[in-house]
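A, B and C label the chains in the order they appear, each numbered from 1.
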Amino acid sequence: MKPNRTVTPYLFLVPAMAVFGFAVLFPVIMTFAYSFTEWNGYGAMVFVGIDNYVKAAQDVLFRDSFVHVLIYIAITIVLEVVVGLVLAGLVSVRRRGSLWFRVAIFTPVMLPMVVVAVLWAFVYNNDFGLLNAALQTLGLEDLQRVWLGDTSTALIAVSVVSGWVYAGFYMTIFYAAFNQVPTEVIEAARLDGAGEWQLFRRIKVPMIRNAITVALLLCITGGFQGFDLFYVMTNGGPYGATEIPTTYLVKSVFTFQNVGYGSAMAVVLTVVVVGLGLIFTRVNREKPEEVRS
Amino acid sequence: MSIDASNKQFDSARTHTAKHHAGRRTPLRIADVLFTAALIVIAVVFFFPMLWMVFSSFKTNSAIFATPFALPTEIDFGRWVEAFEVGHIGQYALNSVIVTGASVLAILLLGAAAAFSFSRYRFRGRNLFMGLLALGLLLPLQSYFIAQSTMFTQLAITDTRWALIIPYTAMGLPLAVYLLKVYLDAVPDELFEAARIDGASDLRIFGSIALPLLRPGLATVAIFSALSSWNEFLLALLYIQDDALKTIPTGLLAFSSRYVTDYGLLFSALSIVTLPMIVIYIVFNKQIVEGITAGSVK
Amino acid sequence: MPVTRKKTLAAVAALSATALILTGCSADGGSSDDNVLRIAMGSPGEAQIRVWDDVAAQYEAANPDVTVEMNYQDDDLYQTIGLPNLLNGRNAPDIYFEWAGARLEQRAADGFAADLTEAVTSGPIAGLFDDEVFTSLTVDGAVVMVPHSADVTNVLWYNEDIFADAGLTPPTTWAELLDTCDALNAEGIIPIASGNKDLWAAGNWLAHLTSRVVGEEAYSSALAGDTDFNTPEWIEAFGYVEELADHNCVNESVNAVDDNEGAQLFFQGKAAMHAIGSWLVSWAIDEAPDLNFDYVNLPAMPGEGNQESVIGVVTGYVVNAKSTKQDEAAEFLALLNSDENVQQFIGAELTPMTLSAASGEDIDSRTASLTSLLETAPAIVLPPDNGYDLETANALYAALAEVLGGQSSPADAVAGIDQKLG
């Protein structure tokens, strides 16, 4: 690396920083500024101090939306990260010939979420949906319900779709990580008489802890940003049971034109997501890489 | 049927693994068969919604209602053609290609240039700029889309392709710069010094040494930038109201609300946008998987 | 090797330049082109889209230098995010659909509604309408909308065959309605179909119901934000909604499916009744041409309001005050309401409000009777989402949905509205 006093490094940097500054950084600052105002997006802007934050703190719907997204994240950690880990473990037991399996499981990741959402809205449809029809075929009519219309199942139903999409994604990440576990370690454990399950639990999983931390970070911060599935499948319903911060934000800003209030909620959400991200990166840094060279 | 097709393809591609012969060799094979059966069951459960979608696209409304699991009685691609035409899917796909293509190219070019700057030079503000881009890795969409939308509206950028290309590029840059910098950092300094001594300009060094060396990194960046731009929904929903400029996700949503009661047609449209992605994935699965793993784990 | 590398770089640069020029061109195409007349609306359904496309073709034939660009959006999207974004956007529409009432006034206040007074008194639109219709479309002394149709936003449609088979007659009182629900449930038929995922479908219907109980004035003042919802009258009104839930009057999926899917239950004969607006007739042409159905107004409720009231709203088209093509827009609206095109719309089951429409011979009897229902109504109730502030309307709708779905008690739901609105 050469110390350089010319403008050259800046010339290489300017285009990227200009686009990033224009489309991300400046709007972040403006969103923060808007959060102290009452504004409908085009009329007069009124400075209101921290009123919007006080309102957000008292807003039951906003609080509920956080609860919902936390439940969603908790479920998706199980359905995406844990299931992904188990699937990767299964596949890594016998690597040969598993390609077709990984392809099948990974395919949903390729699809636009809107396509996934529309498709699964049909799966859950209570008139002709796949799920109710399957239950009927199996003689389990009692379990049939309006999956997306029932407050007790809607959030889970959406989470399951998310799991369907991303289990393959995390499986792929973990599979790549498992492949980096030195074979000698595994062979040695095998000679000591460890079964596949013990190998998985005691050797493989601990050795890819780093990849698991990253996956958790992705799952959690990604979960806070979820929107497509919720917007298309339930749009917050039934009775607000699937209202998450993002759908609530979009409603406040774009439907009811409360730009100031929406911005305050966006700031709160940003602080939470960035804060979690920083904590995770710190934790990851403190534990030096053990496996990946 | 897609499962079978892909199966065969992969099996034939990997005949050297001698999987089939191995199957008859040792007594342990019962466990093996069970194991494979379990994998097949899981794969089928995962794949079933997509199969159901394709089957249903060939059915009438009443057949979808009455016999949801039955195979279609006839395979008539007329519905697909109809869905493609009345649904403007060609137009949406073209828009997606243009927006994704332009965004990816911009990310590659700007990202490589910035990574080059960070990796090869020390200069005032370097840490600040790197910190800002690193922050971009963590910032959620929600932190900027409100002000971005009012800004774009005031600048009359909404309802143009720029309204998507600019934010997609900006959103893709932090990870691109970060990854490409890792690649460049691994390049020995001597390579660049040699060129410099030969009198090559900085731009020349970037173009003829750094970029070619970065090719694997650029491929990785291209893959995950392309996927995220192709599938982005929220900004496309907010910024593009003109039907002629809609991308596949918002276009498909418009389609689904317009033909919501013609389920066969809707399933046809869903199948049309899904199948090419599956084919692309099957062909490029190795690169895609590598790209995505690298993009998320690094 | 440097040669090939240079080539790679040149190729990448050329590619990206081409791509940017390409996108630049197509992005700028719309705005720099001054000869495009843009018209935006929520999708009116296939039958009417055919008429609109034909009117656009007629206009283009008569004005070869102008291109007409139609933008049919998803209804709910248009009403919420779509139209405001369009108006503030680059390719703002020259003509756009709007509902009369608070929304229209807001558009005028924001400077998006051109003064059409001259056009309707002495310009191209003069003489097409009865002057009286413009009184409700006038803001600050200026006519700002050309009316298109008067929509009754909710009546109770019923399947004549199902009713005949079950030996039922359409309900006219609240008690009869509940009895009808019980009888239909006993037959295994969904009594009333409703697709309330987006909250306005049953919302409109139940808002009308509550207005009958609390009275039109209390209804209007609560929605305007002048009085609270949490009053014994509103709780009583919500109590009737709870009775609907108790008698299983609506499909179980009511809050999970959208209005299209709700209509589908009715079209397929799975539900005997359907609570929705006058546009159902037009939908039925495409979706269920053989269905025998008719309507009754909301059954009389025990309560303060006028029990013959009708819930409805005038809709029409506004010329954008920021448009540079206001004259062309007025001419287009005149063409839209020409005798020939009015007959075309009637063929698509929409009765325009022009004087000429009355002379049409093949107006669907149900559409004609709905028009007269609205014209002769002793009281007209405005739908919450068209006539009042959207956030208030939404809070009311959400509360109604909760009670209809059996999630909240009337008292809790009503208290929740005030709490939500702060």
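Keep in mind that, in the parts below, contacts are C-beta pairs under 8 Å (C-beta built on N, C-alpha and C of every residue); 3 or more make two chains touch, one makes a residue touch a chain.
These numbers come from a predicted model, not from an experiment.
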Path length in the contact graph (chain A to chain B, fewest steps): 1
Which two chains share the largest set of C-beta contact pairs: A-B
Centre distance in Å when chain A and chain B are each reduced to the mean of their C-alpha atoms: 16
Centre-to-centre distance between chain C and chain B (centres being mean Cα positions), rounded to whole Å: 37
Two or more partner chains touched - positions in chain C: 81, 85, 88
Multi-chain contact residues (two or more partners), chain A: 41, 127, 250, 254
Residues of chain B whose C-beta touches two or more other chains: 106, 109, 153, 237-238, 253
Interfacial residue positions of chain B with respect to chain A in the complex: 3, 6-7, 10-11, 14, 17, 19, 22, 32, 35-36, 38-39, 42-43, 46-50, 52-53, 56, 64-65, 68-69, 106, 109-111, 113-114, 116-123, 126, 129, 132-133, 135-151, 153, 166-167, 169-171, 173-174, 177, 189, 202, 206, 227, 230-231, 233-234, 237-238, 248-250, 252-253, 256, 263, 266-267, 270, 273-274, 277-278, 280-282, 285, 288-289, 292-293, 296-297
For the chain B and chain C complex, residues of the former touching the latter: 98-99, 101-102, 105-106, 108-109, 153, 156-162, 165, 207-209, 211-212, 237-239, 241-243, 253-254, 257-258, 260-261
Partner chain B, residues of chain A touching it in the complex: 1-5, 8-10, 12-13, 15-17, 19-20, 22-31, 33-34, 41, 87, 90-91, 93-94, 96-115, 118-120, 122-123, 127-130, 133-134, 137, 164, 167-169, 172-173, 176-177, 211, 214, 218, 221, 224-225, 227-228, 231-232, 245-246, 249-250, 253-254, 259, 262-263, 266-267, 269-270, 273-274, 277-278
Chain A residues within the chain C interface of the complex: 41-43, 55, 60-61, 125-127, 146-151, 154, 234-235, 237-240, 250, 254-258
Touch list for chain C against partner chain B, complex: 2, 5-6, 8-9, 12-13, 15-16, 19-20, 22-24, 26-28, 30-31, 40, 43, 71-77, 81-82, 85-86, 88-91, 258, 260-261, 263-264, 267, 287
